[in-house]
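Shared between the two complexes below is subunit A, which has subunit B as its partner in the first and subunit C in the second.
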Partner chain A sequence: MKNFKIDHRTKSGLEVLDLYGELDAHTASQLEDSLKRLINNQKCNIIVNFSELDYIASAGLGVFMAYIEDVRGIGGDIKLTNMNDKVYNVFDLLGFPTLYDILENESEAVEKFLNEN
Partner chain B sequence: MDQSDKNSELESKFELKTVLETSRILVESRNSEFIINNLLLILMGRLLVPRAAIFIYDSRTNSYTLKKSKGLPKLEEEKQYKILGKEECKEVAYFIAEKADASIKKLLVDVGNSLFFNLRTNNNHHGILFLGGKANKEAFQEHELEFIEGLCIISTAALVNSQLFTELTNTYRNLDRRIHELNTLFDLSKEFNLLVDREKISRIFKFALLGQLFIRTFFLIYKNQDEISLLTSSGLKKQPDPSQIEHIFKTTEDDVIEVDERFANDYPWIYENNIAALISISVQNEKVAIIGVGERANKVPYTETDFNFLKSLANLAVISIQKTYFLEERIDKERMEEELSIAKSIQEGLLPDPIPEVNGVDLAARTISSREVGGDYFDVARTPDGNTILAIADVTGKGVPAALLMANLQSMLHVLLPVDITLSEATERINNLIYKNTPSDKFITFFWGKYLSTHKILRYVNAGHNPPLLLRKNSDRFEELSVGGLLLGAIETMAPYEQADVQLNPNDLLISYTDGVNEAMNNEEEEFGTTRLKKCILKNRDKSSEEILDAIVQEVLAFSNQKLFDDLTLLIIRAKELSD
Partner chain C sequence: MDKATTYQKRVNASTQNLSAIRNFVSEHAKEQGFSAQKVADIQLAVDEAYTNIIKHAYNNDSEQVVIINLEFDDDKMIVTLTDHGIGFDVEKYKKPNLQKQIERKKGGGMGVYLMRKLMDEVTYHAKNRKNVLRMCKNKN
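Here is the complex of A and B:
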């Protein structure tokens, strides 16, 4: 088993998901479950911290595509932070920076959320 | 050295320095906008020119696009212009603006003293620099022209480099994307191989597509046997109903169809969900799936490569999904086989084993099923009064339904065994029960008898069964035991079943059988028939019951090429010598 893991915490009233290990076809459904849970609880200002994520496959990116409209539909957003170069490269390659805020660190994301609301 | 010489030396040193500096800056730069802007600013600043512009040549369309202009308000950047009056101007280093096309001349404010410079490398023409006249209206001097030319050459080279660099970057990026696509395919093929859960495969497929193609809307319609259903979807604002699902599946024939306005009428749900393309997936020339994808989040149109990737990934997923169905079928089949084999052993348990000894009679009985379970039945059972019941029956049909009815008959027979009623009455009760319990197309042919050992008498009822054959000692003629009534389960008993007694003398032989014997077929579709059966009995009449049974079975099997199409049962008794 790949050591994929998701931790959930809150920071300045925002939801933060910390991803660990490898997010691939197999582990994508765990991320899906976490996002669904947040959306069902109307918790839609979400920061996903990638600092401990080593690898991401297309299926992992697909989960973000599948839920971004739901999140924005209820007035929130998903902001992505702390990606290593390898992970960022995949997001960049597939065109994600046009649709998502991809930021250096969590404080930038928090600031952005505060400015938006 | 006089003053003017000194001045010109200083000037050329200065110009040389500018060229060097520029070249140093340009070598580093990969940004064409910067290069163009830099060229304009240096020239305008150094030569005190208030108007200048750079046009880039596109050899495919043979046109010039304005990239940057300064002091020329009538020109629009990124717009195409006709510049050259004559083709040969591409060959020269510069030409006077007077020679340019009339359409551009009127946009250049004042063409007096103005020049067009060729932006070229070796033999290739890349663009044109327009340089308006100097602010002080003086003409350009020889060394200034050389300076401009020099700068143009360096800048053009840098420009070409930057374009190459951009192209290379794009190529690398595309390659990177392809590699990523391949990795995705590779990862998923591994993943799919491990999975037998259809939902999980569909979900992984969905997410991989959403991520890789950068889309939000997607659906997968799959056909298993004759059932067409929506297996998974994402982002559909309007869910299709089953008839719409079937309609789109049946009418999508081409590999890839790009959705346009024509869909608005025929397939409103496709149109309203902003589906951009439909892809049909076939396995071994049979269409098994239709995939719909929405437009991309960044609005970039799909390329052939994208569709190829989509098809490859979809093929992988569809084959894995198919695999799950096959697996389910196989598991079902295996479960069925296992259940049948259990049923077989239960059914075998319903037959007497061992077959009880009957006083004064040499008895052999056997049933061979053409399938796991069958509808033939025989029984040998003691009655409380010390006699023996012998029975043989054949249920219409084969397999499980026949076996169920056979089991039913067996239990009735054993329930009635200790009840003090005549064979005829017992037959009547069985018939009425079978008639009530079974559909009208299920019957049983049934022969049974009670052997009264003290009197050597067989008292029997034949309910529609092939008449057992009685071969008396010292006779070659067969008597048929056919007294009784209608077969069981056809109608409720109207007239009572008749019963009859036959005396069995020593070495009299009674052969009862089911139609699996006489109706066994050879390759020419010829039946074994009673004539062959009787011949076989006569030939073996002096042997024991068991040996006669073996002989008949072997002959039937040989005749039918070892292939039985129906269950086959034999029950044979021979009355023993008194001394036996």
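Here is the complex of A and C:
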């Protein structure tokens, strides 16, 4: 899709997904595929960087809800970083900040992972 | 009597059209002087409503049609979405229990809650297979 893209890279031995554009019911399956691929390869320390994500609907949040248990079940976590206010507001409305690590930037997420492992 | 400005769009029920619908809604809301935050709220509420119709009213049948109507008067915007699929009860919504849904590995079920949070008024009428969802947002 033109209006959504995911890049995958590694940083300090962690998996980083960079999200670009608009995440909605049409594009959410792409995120789902990326997460599934990581989980299938037992890559479970995942940072999702939202700095280039302009928009999110509940279908996008649903993906994080559906896979977080699988990731935590194999000893990892999904940490979310660099959200703009508009995107953070949606996570906040639905109560995500109490159940997910939502951090200012990637370095904070890396540090948190290093302290946990 | 206030003079109302209206815009209408008929679209097939496909998530492919989500982005175009968001643009349609935000363009007109901006034009009518709604703040950036309010435009974002309206955009998301309409996205959630339209997505619900695709999934629940029409079971992902993209041949079906949704009519989206925007009406502006001096102090508010009214968005109505009309479909002819299976009705759903927006009155029976409750706040999603995130912890439970995570345990059950279940996304979803958040659309109606968000619509009610983001808009000032939400009503729903279902009659003879015609469902009309009406959402209102005050300008100030």
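Methods note: the second predicted complex is superposed on the first by the 115 of 117 C-alpha atoms of A that agree within 3 Å, B and C clash if a C-alpha of one lies under 4 Å from a C-alpha of the other, contacts with A are read in each partner's own complex, and residues count from 1 in each chain.
The rule we apply is simple: a contact is a pair of C-beta atoms (placed from the backbone, for glycine too) under 8 Å apart; a residue touches a chain by one contact, two chains touch by 3 or more.
These numbers come from a predicted model, not from an experiment.
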Touch check for A:L61: first (subunit B), second (subunit C), both, or neither? both
Please indicate which partner A:A25 is in contact with in the superposed arrangement: first for subunit B, second for subunit C, both, or neither. both
If we overlay the two complexes on their shared chain A, which of subunit B and subunit C does A:L114 touch? Say first, second, both or neither. neither
Between subunit B (first) and subunit C (second), which, if any, makes contact with A:I74: first, second, both or neither? neither
Which of subunit B and subunit C A:F96 touches, first, second, both or neither: both
Given the touch rule stated above, what does A:N3 touch, subunit B (first), subunit C (second), both, or neither? second
A:K86 in the overlay: touching subunit B, subunit C, both, or neither? Say first, second, both or neither. second
So which positions on subunit A get touched by both subunit B and subunit C? 24-26, 57-59, 61-66, 68-69, 89-90, 93-96, 98-99
Under the definition above, what is the set of subunit C residues touching subunit A in their complex? 15-16, 18-19, 22, 40, 43-44, 47-48, 51, 54-55, 96, 98-99, 101-103, 105-108, 110-111, 113-114, 117-118
Subunit B residues touching subunit A - in the complex, by the definition given at the top: 173, 176-177, 180, 183-184, 187-188, 191, 200, 203-204, 206-212, 214-216, 234-235, 296-298, 300
Subunit A to subunit B touching residues, read off their complex: 24-26, 28-29, 32, 57-66, 68-69, 89-90, 93-96, 98-99
Write out the stretch or stretches of subunit A touching subunit C in their complex. 3, 22, 24-26, 55, 57-59, 61-70, 86, 89-90, 93-96, 98-99
